[in-house]
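Take this structure, written in C-alpha cells, and hold onto it; I'll ask about it next.
Labels for the chains are A, B, C, D, E, F, G, H, I, J, K and L, by order of writing; each one numbers its residues from 1.
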Amino acid sequence: MAKPIYILNGPNLNLLGTREPEIYGSQTLDDIAKLSETHAQSLGLSTAFHQSNAEGQLIDWIHQARNDGAGIILNAGAYTHTSIAIADALSAAELPVIELHLSNVFAREPFRHHSYIAPVANGVICGFGATGYRLALSAMSDILNPQSSS
Amino acid sequence: MAKPIYILNGPNLNLLGTREPEIYGSQTLDDIAKLSETHAQSLGLSTAFHQSNAEGQLIDWIHQARNDGAGIILNAGAYTHTSIAIADALSAAELPVIELHLSNVFAREPFRHHSYIAPVANGVICGFGATGYRLALSAMSDILNPQSSS
Amino acid sequence: MAKPIYILNGPNLNLLGTREPEIYGSQTLDDIAKLSETHAQSLGLSTAFHQSNAEGQLIDWIHQARNDGAGIILNAGAYTHTSIAIADALSAAELPVIELHLSNVFAREPFRHHSYIAPVANGVICGFGATGYRLALSAMSDILNPQSSS
Amino acid sequence: MAKPIYILNGPNLNLLGTREPEIYGSQTLDDIAKLSETHAQSLGLSTAFHQSNAEGQLIDWIHQARNDGAGIILNAGAYTHTSIAIADALSAAELPVIELHLSNVFAREPFRHHSYIAPVANGVICGFGATGYRLALSAMSDILNPQSSS
Amino acid sequence: MAKPIYILNGPNLNLLGTREPEIYGSQTLDDIAKLSETHAQSLGLSTAFHQSNAEGQLIDWIHQARNDGAGIILNAGAYTHTSIAIADALSAAELPVIELHLSNVFAREPFRHHSYIAPVANGVICGFGATGYRLALSAMSDILNPQSSS
Amino acid sequence: MAKPIYILNGPNLNLLGTREPEIYGSQTLDDIAKLSETHAQSLGLSTAFHQSNAEGQLIDWIHQARNDGAGIILNAGAYTHTSIAIADALSAAELPVIELHLSNVFAREPFRHHSYIAPVANGVICGFGATGYRLALSAMSDILNPQSSS
Amino acid sequence: MAKPIYILNGPNLNLLGTREPEIYGSQTLDDIAKLSETHAQSLGLSTAFHQSNAEGQLIDWIHQARNDGAGIILNAGAYTHTSIAIADALSAAELPVIELHLSNVFAREPFRHHSYIAPVANGVICGFGATGYRLALSAMSDILNPQSSS
Amino acid sequence: MAKPIYILNGPNLNLLGTREPEIYGSQTLDDIAKLSETHAQSLGLSTAFHQSNAEGQLIDWIHQARNDGAGIILNAGAYTHTSIAIADALSAAELPVIELHLSNVFAREPFRHHSYIAPVANGVICGFGATGYRLALSAMSDILNPQSSS
Amino acid sequence: MAKPIYILNGPNLNLLGTREPEIYGSQTLDDIAKLSETHAQSLGLSTAFHQSNAEGQLIDWIHQARNDGAGIILNAGAYTHTSIAIADALSAAELPVIELHLSNVFAREPFRHHSYIAPVANGVICGFGATGYRLALSAMSDILNPQSSS
Amino acid sequence: MAKPIYILNGPNLNLLGTREPEIYGSQTLDDIAKLSETHAQSLGLSTAFHQSNAEGQLIDWIHQARNDGAGIILNAGAYTHTSIAIADALSAAELPVIELHLSNVFAREPFRHHSYIAPVANGVICGFGATGYRLALSAMSDILNPQSSS
Amino acid sequence: MAKPIYILNGPNLNLLGTREPEIYGSQTLDDIAKLSETHAQSLGLSTAFHQSNAEGQLIDWIHQARNDGAGIILNAGAYTHTSIAIADALSAAELPVIELHLSNVFAREPFRHHSYIAPVANGVICGFGATGYRLALSAMSDILNPQSSS
Amino acid sequence: MAKPIYILNGPNLNLLGTREPEIYGSQTLDDIAKLSETHAQSLGLSTAFHQSNAEGQLIDWIHQARNDGAGIILNAGAYTHTSIAIADALSAAELPVIELHLSNVFAREPFRHHSYIAPVANGVICGFGATGYRLALSAMSDILNPQSSS
C-alpha cells in the first residue's frame, strides 16, 4: 500500500504538550507524529501528518487525500461539532475514515456529544490519549487488509 | 496482573454469526471470545467473557468484576441507550471501563447516538467489527500499564 | 404451517382478569391463551403462548421463535415504550411481527404514544381488548398466506 | 343493527390500485368497498363507503354518520396527522370509531407517527393492507355486540 | 395490621456500605433492613425487605405485595427514571406507595430529575440517607392509620 | 440547640383548612404550626413558623434564619417552580434546608414537576399532608444530630 | 355603516344545540345567528352569518367580506390551530377582526392553546358561550366607532 | 348581588394614560375605574378596583375577594405569564374569573402567548383597550345571571 | 411534449394585484397566467393554470395532472406549511414538481420556513415575484429536456 | 444633568460582603454605594442607590426613576431571569438602562443565561465584580453625553 | 451595468464533475463558470466567478463585491447551514443576493433544511443542478432591471 | 506590565465606519484601534490590535497571545455564536478574557443570544458602541491590578 494514511489534526492541537502537561502528558504533536509514523511502519503503512487551525485548510487536505491517500484519521477537534463542510469533504473522499479524539468527549460538555463526522466515518475511537493514534492506525490497517484479522 | 478483564456482552449479541453472515461476518460470539483471550494473552492479560439478554445479569457481572476483575470492556448493545442502572454499576465498580460497539452506532438511528455509559467510561471504540475487541484489549492494556506506551 | 405463532406478553399482563374486572373484563391471560389457540386452529395455525415480567426473558423467547416459530404477536406492555433491545431482537428474528395492545395506548399518557417496536413490526392493533388477539391471528394468517385474502 | 357502518377514506385513497400496483397491490378502492360490504354482511352488518380529498366533506359525512350510522371506520390518510377538525367531529359523533391505515405509519416519516384521531378512537389498526378493512369490521362487530366475543 | 410493608430496593443498592463508605456511610443494606424492621415494630408494623438488580424481579415482588403486603416503600434506584413497567405494576397493586431515595436526586444529573414512579406514589422522600427508610415507615404508618395523626 | 428551626410557608397556604376541608382536611395552618412546635419540642428543637404570599418577604425571613436559625423547612408553594431568588437566598443561608409539599406535586400539572429549590436543599418530602411537617422535623433533627440515628 | 359584520363559523359548529345540550346549552347556531342580528341592530349594525366545515369556503367568505363587509367576527373552531391560510386571508382583508371561541380554549388540550389567527386579529374573546357573540359585536362597534366609547 | 366585582390590575398599569398617550389613549387607570363602576351600576353590579406592582398584594386581594367578592376581573399584566401563585389563588377563590388584557397579547412577543391564569379563568378578553373592562363586566353579569341572556 | 404543465395556485393567490399593489405589484393572477403561457410557448410548452382556496380541490387537480400533465409547478401558499395530503398527492403523481413562492418565505415568520412539499419536489424557487413563474417554467423545460441545457 | 442615576439592586444583594468574603470580597453593598457615588461625581453625575428583595418594590423605584432619574443601572439579581414585569417597567421608563451583574452569569447554570431585561437595555456588563458599577456609570455618562467620547 | 455579478461557491464545490459523475453530471465548476458567463452576456451582464473552501475567503469576496459588484449569487455549500458570519457579510453588502444550491437541500438531512443566508437573500433557487446558475442569473437580471419584465 | 493586551476583532468588523455611518457612527476600526491604544496608555497598558474574517487566523492570534500577551479583549462578531474552536483556544490561553460587542446582541435575533465564548470569559460588555473598547480596557486593567480598585 504505497499511498500514505492522512492523519489530520484540527484547531488547538498544535498546543499539545505545552499546555497543562500534568493532564495531557508531555507529548507534543510532533511526538505523536513520530510515534504514528513508527507504528504505521510496523503495520506496513506510511503517514502524512498535518495540523491546522483553519477549517478550509483541513478541507483542502481531505481533498488532497482523496487523490493521494489510502485513508484518513481525523482528529478534528472542535470542528467535529460544528463543521458540516468537513463532513461533506470526507464523504466525497470515498476513503476509509476514522474519527479520533484524545479525550472522552462524551464525558465533557453536551455540545461535544454531537459529531457531524461520525456518521460518515467507519468508526470512532476516543478517550485513550496518544494511544488512540496507534489504535486508529491498527484499525485502519484492519480495514485496508481485512484478511489479516483473527 | 492476575485478575481478568471482564468482557461483557448485552442483548442479542448471542445471535452473532448466525444472523446475516454476509453483513456481520461469520464469526460467532464464541469465536470472538477466543480471539479476545488469545489477544489478551499476547498482552499478558486474561479475560472473563460473558453474554446475557438480561439487564440485571449484566449488573450482577459488573458487581462481580468490581471485586474480581482488572477492567471491564462492555458491549452493552441496546442497553447502552436506555440503562442508567448499568451506568451506575460501572460507576460504582471503580475500574477502567471501555465502551465497545461492533457497528458505527453514530451512522444508525438517532436513538443510538446517546449513551448513558460513555460518560462513565474511559473511552469508546465503535465501528470496527470483531477487530474492536482486540483494539479494546490493547487500549485496556495501555490504561493498566501506561508506562508501556511510547 | 407446522411452526407455531409465538404470542408473547410482557410485564404486568399476568394480572389480567384479577385486576379491576369491571374495567378490563373477567378474562384472565389463561382465558386469552385458550381463545387464541382456538382461533388459531380455526385458521390452520398453532400458538406458543408466554408471559414474563422480565425484558431478558422476552428477548430469549424472541430468539427461540427465530428458529422455531412462524411469526410473533407481541404485547410488550410497558416495554413497548422503553426497550430498544426487544426491537433489535424482533428485527433479528426475520419473522412477521404484529404489535398488540389491549387498550388504545394513544388515548393514554404521552409516554405511551411512542413505540420502539412499531417500526420493526408489520402492523399494529390496539384498543380492542381480548378481541385484539383474534384480530392479530387473522392478520398473521393473511400475512403468511396472502393468497387467502379476497 | 339496521344502521350501516360508515367507512370513510381520505385524501389520495382514490388512487389505490392504479398507483404502483407492485407495491400497493392491484386492488382499487372499489374492490375494497366490495370486500368490505361482503365481510360486513357475513357479520350481519352493512356499510356506507365514501372517499374524498376534501377535509370539509369528510367532516360532513361524519356528521351524517352521527344520525344515520352505527359506527365509523376512518382511513383519514394524511389528514390523520393534521386535522383537529376531523377529530372534533368524531368526538361529537358519539359513535364507535376505528382508525385504519393500509401501511404501518410508524415505520414511515416521523410526522406520520402522531395522530389527532387516535385519542378519540376506540382502537387503531395499521399495516395490514386491504385486510385491515376486514379486521376493522370484525373489531367493530365485537364492539357493537360484545357478548358475541370468546 | 398483619400484612408486612414491602421495602423493595433496586439496582446497585446491594453495594451499599462497601462502596465509598466515607460518602455513603458504613451502613450496609443489611443494616438498613434491620433498622427498618426495628422502626417498623415500634410503629406496630412488620417489613418484607428485598433487593434485586433485575427489573422483572422487582415487578414480581410488587405483584406479590399486591396480595400479601400492606404497602410498598420502593427505592427503585436507576429504574426510577426508566421503568414504565414498574410504575404500571405499582399502579395495579392498589396499595399505598412511597418513593424513596438515599440521595437528593434533584441535585444530581438532569436525567435523574424525572421519575415514572412519583405520579403513582402517595409521596416522595429523598436526600436523607438511611434515615429516609425510618421517615418512610412513619409516613406509611400515618397513611395506614390516619387517625393516629394529631 | 438553642436556635429555632424556621418553618416558612409560601403563597396561598394561609387558606389551609378553610378551603375544601373534605379534601385538604380541616387542619388550618395554625393547627400545623402547633403540631410542628409540639413535635419539635419532643425532638429537643424549637420552631419559628411564618407564612406570606410575598416572595420578597420569604427571602427576608430566609436571610433572618441565616443569622438566627438552625435550619429551614420551606413549603414555598407555587414559588417552588418560579423563584430563582428564593433558591439563591437558601443557597446563601448555609443552613440545612428541607423542601416540603403537602401534596404529591409529581402527580399534578407538569409545571409543578420542576423545582428551583430542590437542588439547593438537603432533601425533599412531599405528598403526606400535615404529617410531612413532622417528618421534616424528624429529618432535620437527624441532619443536625446525625449521631442520634440508629 | 351600511356594510354588514361577517360572522363566520368553522367546522362542527353546525352541531351546536343538538349535541350534549346539558353542557353546551340548547341554543342552536340558528339561535345564535338571530341573537347576533338582534344585538347588532341595537348597535346600529347588521350581520352576514355563515358556517362551513370546509377551510376553503371560509377563506372564500373572508375574501367576500374584504369587499362587502365592515368587519369579521370569526369562530374558526379547530382551524384556529392549524390554518395559516385563513390567517393569511384575514390579514389580506384589511378589516377589523375578532377571534371568538365558545369555550375557554386555554383550559383545554395544549394543541388548542396556539392560534394562527390571534396575531392578525384586533382582539380575542373566549369562554363565554353564546354571550361571546354579543360581546364581540359590542367590541366591533367600539372599534368601528371609537368616539362612541367613554 | 350585594358583593362587589373585584377588578384587579397588576404591574405597570398605574402608568396608564401618562405613558405614550397617542398609543394607549389618554385614559388613566382612574378613568377606567370610573367607567367600570358606571358600567357595573348599569348592570346592577358594583366594583372594588385595585392596582399593585407586587405579586403578593394581588394574591392578598384575591383571597379577600374569596370572602367579600362576587367575581374577579384580573388584568395581571406581566404576572400573567410567570405567576403560578396567582393562578393557585384564583383557583382557590372559587369565584367566576375573567382574564383581561388591554393589548392583543398574542400579537406580541412569544413569551406573552402563554398564560398560567387562562386555564383557571372562565374566559379571556384581550385587545380592546379600555372597552375590554366594560366587555368583561357584561360577561361577568351574564355568568352571574345566566337567565338574563338571550 | 403535448401534455401541459400544470401551474397550480393555492389559497389567497386570487387576491393578487388588488391587494397592496405598491408592494406586490399591479399584476393580477390572470396577468401571471398570461405571461406564463407566453413564456411556456417560447419554450415549446403549454400550461394548465388553476387557483383554489380549497386543499381538496388542489389535490384533485394534482391527480388530474398525474394523467394529463407533463409536470407541476405549485405555489401552494399557506398549505405549503400544513398539508401532508398535498405532499402525498405530489408524491403519487410521479411527475417533475417545482415548488414556487412569490415572496422569500425564509425571511418571514418561522412557521413559513418549513415545507412539507419541498422534500417531494425537484427544486424550489422563491423570492422573485412574478418572475419566479418564468424561472420555474425554464427549470421545468430543462428537467423535461435535459439535453437542451448548456 | 441634575437628575440622579438610579442604581437599583435586587434580591440577596443586601448580603454582599458578609457572605463568603474570600470569594465575593469584603466590600458590602454600602461600600459599593459609596464608590458609585464617588465615581459618579467624578463624571459630573449623582446617584440614587437602592436595594430590595421584593419585585414590586423594584418596579416602584423604576416608575419613580421615570420621573426623577436620568438613567437606570439595574443589578436585578435572580429577577433578571424571571421577571417580565420589571422588563415592562424598564421599557415604560423611556430612560437609558444598563443591565449589570457582579458575576459572569454565562459561566453559571443555564437558567441564568436568559435575561428578560437585556432586550430592553442599552447594554450589558457582567463578570467584573464591584468594578462593574464604575464601568456602568462610565457607560451611562457616555450615553447621556455622547459628544464627550473621543 | 458595468459591474459584474459575483458568483461565489463554497466548500467542496471544486470537486464538481470529478466526483460521482453519474450522479452530479460530468460538468466541472469550470464548465459552470463558462456557461454562467455565456448566459450572463446574453442578459447584458458579466460575472466574477470564485470558489473557496475557506469561510474567511468567502467573506472577503463578499466585501469586495460590496464595492465592485452589482449583485451576488452564492452557493455557500455547507456554510449555508452554519455561518452567521457570511450572512452578516451579505447583509452589509447592500446588494441583491440569490441563494443557490445544486441539489434540493430540503430532500436531504434535516440539518440542511435551515439556512442562515436565506433570510438576508432576495430569493432562493435549489434543486436544478447547473441549470440553477442560469436561472439565478435570469432572476438577478430581473431584479437589477425590473422594468424589463412583462 | 510589559506584555500588550490583544484586542482581536472578527468577521465583518473591517467594514466599520464605511457602512451605514448614520447608525454605526463614522468611526472606523482604525479609529477604534487608536482610541484603544490611547486609553490603554492612560491605564499604563499597551495594545496589539488585529482583525480577520477567518476563524483560523483568530485562533492563531489567540495562541500567540498565550505567549506574548497579558490579556485578550475579543469582539468575535458572528463567530461568537458558532465557534467552539475559538472558545477552546481562549480556554487554553490561560489569560484574562473579555467578550465585547458593539451592539446589544440580546436585543437582536435569537441566534445571537447564545455565546460559546462567554462561559470561558471573565466578563461580557455589549451595547455601548466604541465606548465598549474603553470600558473593556478599564475592566482588564482592574483584573490585572485588582489592588488599584476602590
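Brief remarks on what is shown
Convention: a residue touches a chain if its C-beta (ideal position, glycine included) is under 8 Å from a C-beta of that chain, and two chains touch if they have at least 3 such contacts.
This structure is a prediction, so every number in the text was calculated from the model and none was measured.
Fewest steps needed to get from chain I to chain K, stepping only to touching chains, is 1.
Fewest steps needed to get from chain F to chain H, stepping only to touching chains, is 1. More than half of the contact pairs at I-K come back, by residue number, in G-H, the repeat among F-H, G-H or B-E. As for how the two copies chain G and chain H face one another, over half of their interface residue numbers coincide.
Averaged C-alpha coordinates give centres for chain D and chain L that are 64 Å from one another.
Distance from the chain G centre to the chain J centre is 47 Å, each centre being the mean of its Cα atoms.
Centre-to-centre separation between chain G and chain I, using Cα means, comes to 32 Å. Residue positions of chain J touching 2 or more other chains: 54-57, 82.
Per the contact rule defined earlier, chains pair up in contact as A-B, A-K, A-L, B-C, B-E, C-D, C-E, D-G, D-I, E-F, F-H, F-J, G-H, G-I, H-J, I-K, J-L, K-L.
Residues of chain A that touch chain L in their complex: 10-12, 14-15, 19, 52-57, 77-79, 81-82, 111-112.
Within the complex formed with chain E, the chain F residues making contact are 35, 104, 106-107, 113-115, 118-128, 130-132, 134-135, 138-139, 142-143, 149-150. Note for the complex: chain H touches chain F at residues 54-57, 59-60, 63, 66, 82-85, 87-89, 92, 116.
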